[in-house]
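Both of the next two complexes hold chain A, though its partner changes from chain B to chain C.
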Partner chain A sequence: MERENRFWRVVLLVLPLSVFAVFVVWPLFSSFWYSFTDWNGFDPNYAFVGFDNFVRIWTDRLFYGAIVNTALWMVAAILLPTLLGLALALLLDRQIRGARIFKTIFYLPICLSAIVVGQIWTWIYQPDWGLLNAVISFVAGEPFTHAWLARPGSALWSVIVAWSWQQTGLSMVIYLAGLTAIPSDLLEVCDIEGASPWQRIRRVVVPLLIPSTIVVIALSVINSLKGFDILYIMTGGGPFHSSDTLAMHMYNESFKKYLMGYGSAISVVLFLIALVIIGFYFRQLKRLDEIYG
Partner chain B sequence: MTCFNRRALIACVAGAVMAATGISVSAQDNEVTITHYFTGDLGLKALNEQIARFEEASGYVMRNSPVGHEDFKTDILVRASGSSLPDVFSYWAGARVQFVVDSGSLTPIDDMWDREGLDDVVAKSIADSATLYDGVRYLVPFNYHYAGMFYNTQVFADAGITELPGTWDEFLEVAETLKNAGVTPIALGSKYRWPAQFWFDYLLLGTAGPDYRAALMNGTARYDDDEVSRAMAMWKDLADRGYFAANANADTWTDASDRVARGDAAMTLMGTWITGYWNDIGLVPGDDYAFFPFPVIDESVPVSVVGPVDGFVVSAHGNNPEGGKAFLAFMMSDTDVQLAWTNAVGAVSANVNVDPANYNDVTQNVIATIGASDNFAFNYDLATPPPVAEVGLSMFAEFMDDPSRVDAILEQAASDAASAFTQ
Partner chain C sequence: MANRPTLHVTPWTAALMAILVMLAVLFLTPTVGVLLSSIKTTRAIAMGDLWSIPGELFLGNYAEVLWNPAVHRYFVNTLIVTVPATAASTALGVLAGYVFAKLPFRGGGILFLAIVAGMFFPPQVILVPLFRLFNGLGLIDTLWPIFLVHTALGIPICTLLMRNFFATVPDALREAAILEGASEWQVLTRVAIPLGLPALAVLATLQFTWIWNDFLWPLIFTQSDEKRTIMIGIVNLKGQYTVAWGVQGALSLIASLPTLVIFLFFQRYFIKGMTMGAVKG
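What follows is the complex of A and B.
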């Protein structure tokens, strides 16, 4: 019986493990290998160049720009949806009229693909007839309008806003679920003891929402590391590399300049950064898990 | 029972594997696979019609898988890396084809070229510049385009412009007249960067000439040379005078074309594909729009025209190279195909047997302009290797964002391009 079970375990694992090996493990090791070559992406003849590609990274000004943008992207893409989601959940958790409709509306963007969200916001930001400039023009006058995605100072932030708009609904739903788990007698005690609404949120609600926050941040970290598609559709890293993140820079070097070896070296660095962040995160998660059980 | 299940499972897996591998060897002898980037409404429909003509005439069956223009640039190279290229694919003649030739991904077509007598069919200037790579033929020029100054005739008339500019001073005068009439003289949509390249191409070719430009494209000249600075200073002068529509980097080429079509802007420097786009939205060539060649800056410099050549090439990894060559020969030689195709997409045929009288007035004027020029040059991103082209295209977009930084931008481009040439 045990032998039979072992057979089926192996058989049933063969397919998923093969898919994982072919589509994840093999490309990962291929990237490591190519990062030590001068491969252009399609020529069967290429040379082993040792650490040349990694040395070049240190002199690549676009790489440094991409590092700064990636850091900005990650911090903003984690903080904004988390804080906005919490605020919305606290607002909608009370018995206000139409709360269910608002919850649905705020959650809807997460159901759209990043490409659709990117296109919607590209239209909103369009300088001549976009919604944002139309509102600004109406309220403050035409001199205050701006080419949001076409100027280097605003392109990345404009994408971050679009990203946060989509992700906030997910954080809100997780926090709403967390709020239902807070014992109502605790909140009643707050009322009896005369705690202000701020004290109630600050001292009781937010600390009890820490398990939800862990989930929200975990999802935000994972989603922000994957956040390539919306940037690709809205700016493509432009104008002139001003919104390049590491993933976008890697794509441009590999597929637009045809420097697959160098692009692979960037992907290795990106992989190591992600590894450190996720390793650190799991360590913290384990500690919190020990505290909260 | 267990044994039966186990055998059944193994049989199923084996069957699935055989079925999967069987697909790749089941291609028929008369089947030719093709990938191309003509995916716009006009291009796709017109090409499908020409493909049907080939199928009917030859008995081959074409398996067609189009890919969008921007995605094609990546898609085709990814497929080349996996040796899974289709039998035939469209490609832009010049540095990009050279790049693929260098990787051994293309089949020479000299045998077909001689057999079909294409020397007598393809215009010599195009054949020499677009089809030969390292002395071997790889491409047939399915059509070519020309970049010129396309303008709204009504806007010009309303501003009282009766004489089209032939020289740089006359051009500045026309732009000033338009500006004074309350119209933005020039629309440029450089969101995807490439539309800005025509300004650089013409200003550099018109001041420094084709030999210097070729040196810059192959890395023997530098972006901080006086020749480049002079061309960029003229471009900056136009921007400083307020002749360009605001926020060029927010617009695509069709946005810029729409500005001219609506009369918000007067003209745009664009390829002849704009005629296909405008005709499709109901503009009448000659009545609603026309073009004039880029003005002559220095009479001592040979007159150059700029544009891309769209070609078809045969893959080295395909299953049916002979079918591919037959397709190329038919598409190039058949004058009905050439005429229907080029008229549909607003291009010009490189087939000398196509009578120019079959084109509209604007295209006939384009053909005359090309014929009167001294030199046909590929536009920037097809004339220099792709890693360098990326540097230049970003440089143009950065310049359009803030022309006052031109010196710093050129210095940076010189360093980036020098580094890109060594990669």
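What follows is the complex of A and C.
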């Protein structure tokens, strides 16, 4: 019996594992190798340059900008969709007319591609006829309009708002799933004990949603590390690199300037950041398993 | 969900409704904007007339997009990549997920975690080596790399969801079938997979949406317009018709149609997949 099991294990795993190994695991390790070379993307001859690329990272002003932007992007990408998604989930978690329609409207953006979302929001921010400036000039007057995506001060934030618009539905859905797991007798006790709605949310519901919150935050962080498409179409990392993120910077160095070795070094840094976050995430999940069983 | 107060129109529910309607309008506005742009002439848009409800429907933008041979090519290319990659990644996930759920082995837990961790890494990390690999194989500017990479990158989520599903299939079912003389392969194809059809539907909708919407891999692996996919097409068209906003809007909507349709019809599956993939890390 066990011999047969062993046979089937090998037969069934060989294909998935080899595809995964060839196209994911092996490239991951070769990234480390290329980060120590000066490969330019097409020349078969390249040299081993030791830690030159990593030394260069320390002095790369654009890299610093990109890391600061990635951090900003992450913090905003955690706060905005999480809070908004939680609020929407709390509002919708009751018998309310049209709840299904509201839910559909709020998570519809998830199924749009980042490219389409970027395109849509480029319209909103369009300086001449975009909705945002139209509203502003209606409310406050022409002088207060702004070229949102063309100014270094506002480009990154404008993209973050567009990104949050798309991601809010995801956190709402996860929170809604978490809310269904809260035992209703617990909420009844709140009513009997005379807790106000605010106390009920603050002291009972939100603490019980901690597992969902960890998932939402981890997903936001991971998704924001990957954030590339929407920046590519909305700002391209500009103006003057003011909205560059690590992923964007890595792409520019590797595929615009053909500094593939240097690009690999940036991607190694990206990998290490992701590793820390994933490690933290798995640890939290394990701890939650221990608490909640 | 039980024992919630039943619906009465109180000031509180009225206020709640008002807030929800306002938020919904706010959320819909961007999408409505594209819809409006697609049925207006570029001239009308440039005059600042985008956000009004048009008196008449202008379909010229759609005609321009639908009769454009380049757009046909983008669509065909995207389908050629998306459908096989969805099928392949799901199939591989079924195989691996079945082993991890039903044929546990020493070290299997670690291996499973290592695969699932792949879900969380930024794809930029493997960009350069993959480019070199496919360049060496002479596959740059073909659709092969996109298909292969999506198949491989789909393995973590597909394995995760299928393992979690197969874990809910009772072991007794498998043992009974084996005692009856069925092979493991027969158990998988005749028992486990038919039971797993809902989970497969979840996966297929998710994978299809992600691969259809992808931008990074086609950007890296294709160069000529003949091999571009639809998302790149949107960006290209943006360059070609710099101010033809209406045409861009029409193409954006048409490009989103397949995933929108899937989403509206398979909403339940789609959301289940989103939350399952997310929660069961």
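In this text, the second predicted complex is superposed on the first by the 288 of 293 C-alpha atoms of A that agree within 3 Å, B and C clash if a C-alpha of one lies under 4 Å from a C-alpha of the other, contacts with A are read in each partner's own complex, and residues count from 1 in each chain.
The rule is simple: a contact is a pair of C-beta atoms (placed from the backbone, for glycine too) under 8 Å apart; a residue touches a chain by one contact, two chains touch by 3 or more.
Small disclaimer: the values here were computed from a predicted structure and weren't measured.
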Chain B versus chain C as contact partner of A:Val215, first or second or both or neither: second
First, second, both or neither for A:Gly238, with chain B first and chain C second: first
Partner chain in contact with A:Glu4 - chain B first, chain C second, else both or neither: both
Contacts of A:Ala140 with chain B and chain C, given as first, second, both or neither: neither
Which of chain B and chain C A:Gly41 touches, first, second, both or neither: both
Larger contact residue set on chain A - chain B or chain C: C
Chain B versus chain C as contact partner of A:Arg94, first or second or both or neither: second
First (chain B), second (chain C), both or neither touched by A:Ile174: second
Touching partner for A:Leu149 - first (chain B), second (chain C), both, neither: first
Touching partner for A:Phe255 - first (chain B), second (chain C), both, neither: both
Common interface residues of chain A - those touching chain B in one complex and chain C in the other: 4, 41-42, 255, 260
Chain A residues within the chain C interface of the complex: 4-6, 8-9, 12-13, 15-17, 19-20, 22-24, 26-28, 30-31, 34, 39, 41-42, 88, 91-92, 94-97, 101-102, 104-117, 119-121, 123-124, 128-129, 131, 134, 165, 170, 173-174, 177, 180, 184, 187-188, 211-212, 215-216, 218-219, 222, 225-226, 228-229, 232-233, 246-247, 250-251, 254-255, 260, 263-264, 267-268, 270-271, 274, 277-278, 281-282, 285
For the chain B and chain A complex, residues of the former touching the latter: 2, 6, 9, 73-74, 77-78, 80-81, 99-100, 102-105, 191-193, 246-247, 249-250, 386-387, 390, 394-395, 397-398, 401, 420, 423
Residues of chain A touching chain B in the complex: 4, 7, 11, 38, 40-45, 126-127, 147, 149-152, 236, 238-241, 252, 255-260, 262
Interface residues, chain C side, partner chain A - complex: 1-7, 13, 16-17, 19-20, 23-24, 27-31, 33-34, 37, 45-51, 92-93, 95-96, 98-99, 103, 105, 113, 115, 117-118, 120-133, 135, 148-149, 151-153, 155, 159, 184-185, 188, 209, 212-216, 219-220, 231, 234-235, 238, 245, 248-249, 252, 255-256, 259-260, 262-264, 267, 270-271, 274-275, 278-279, 281
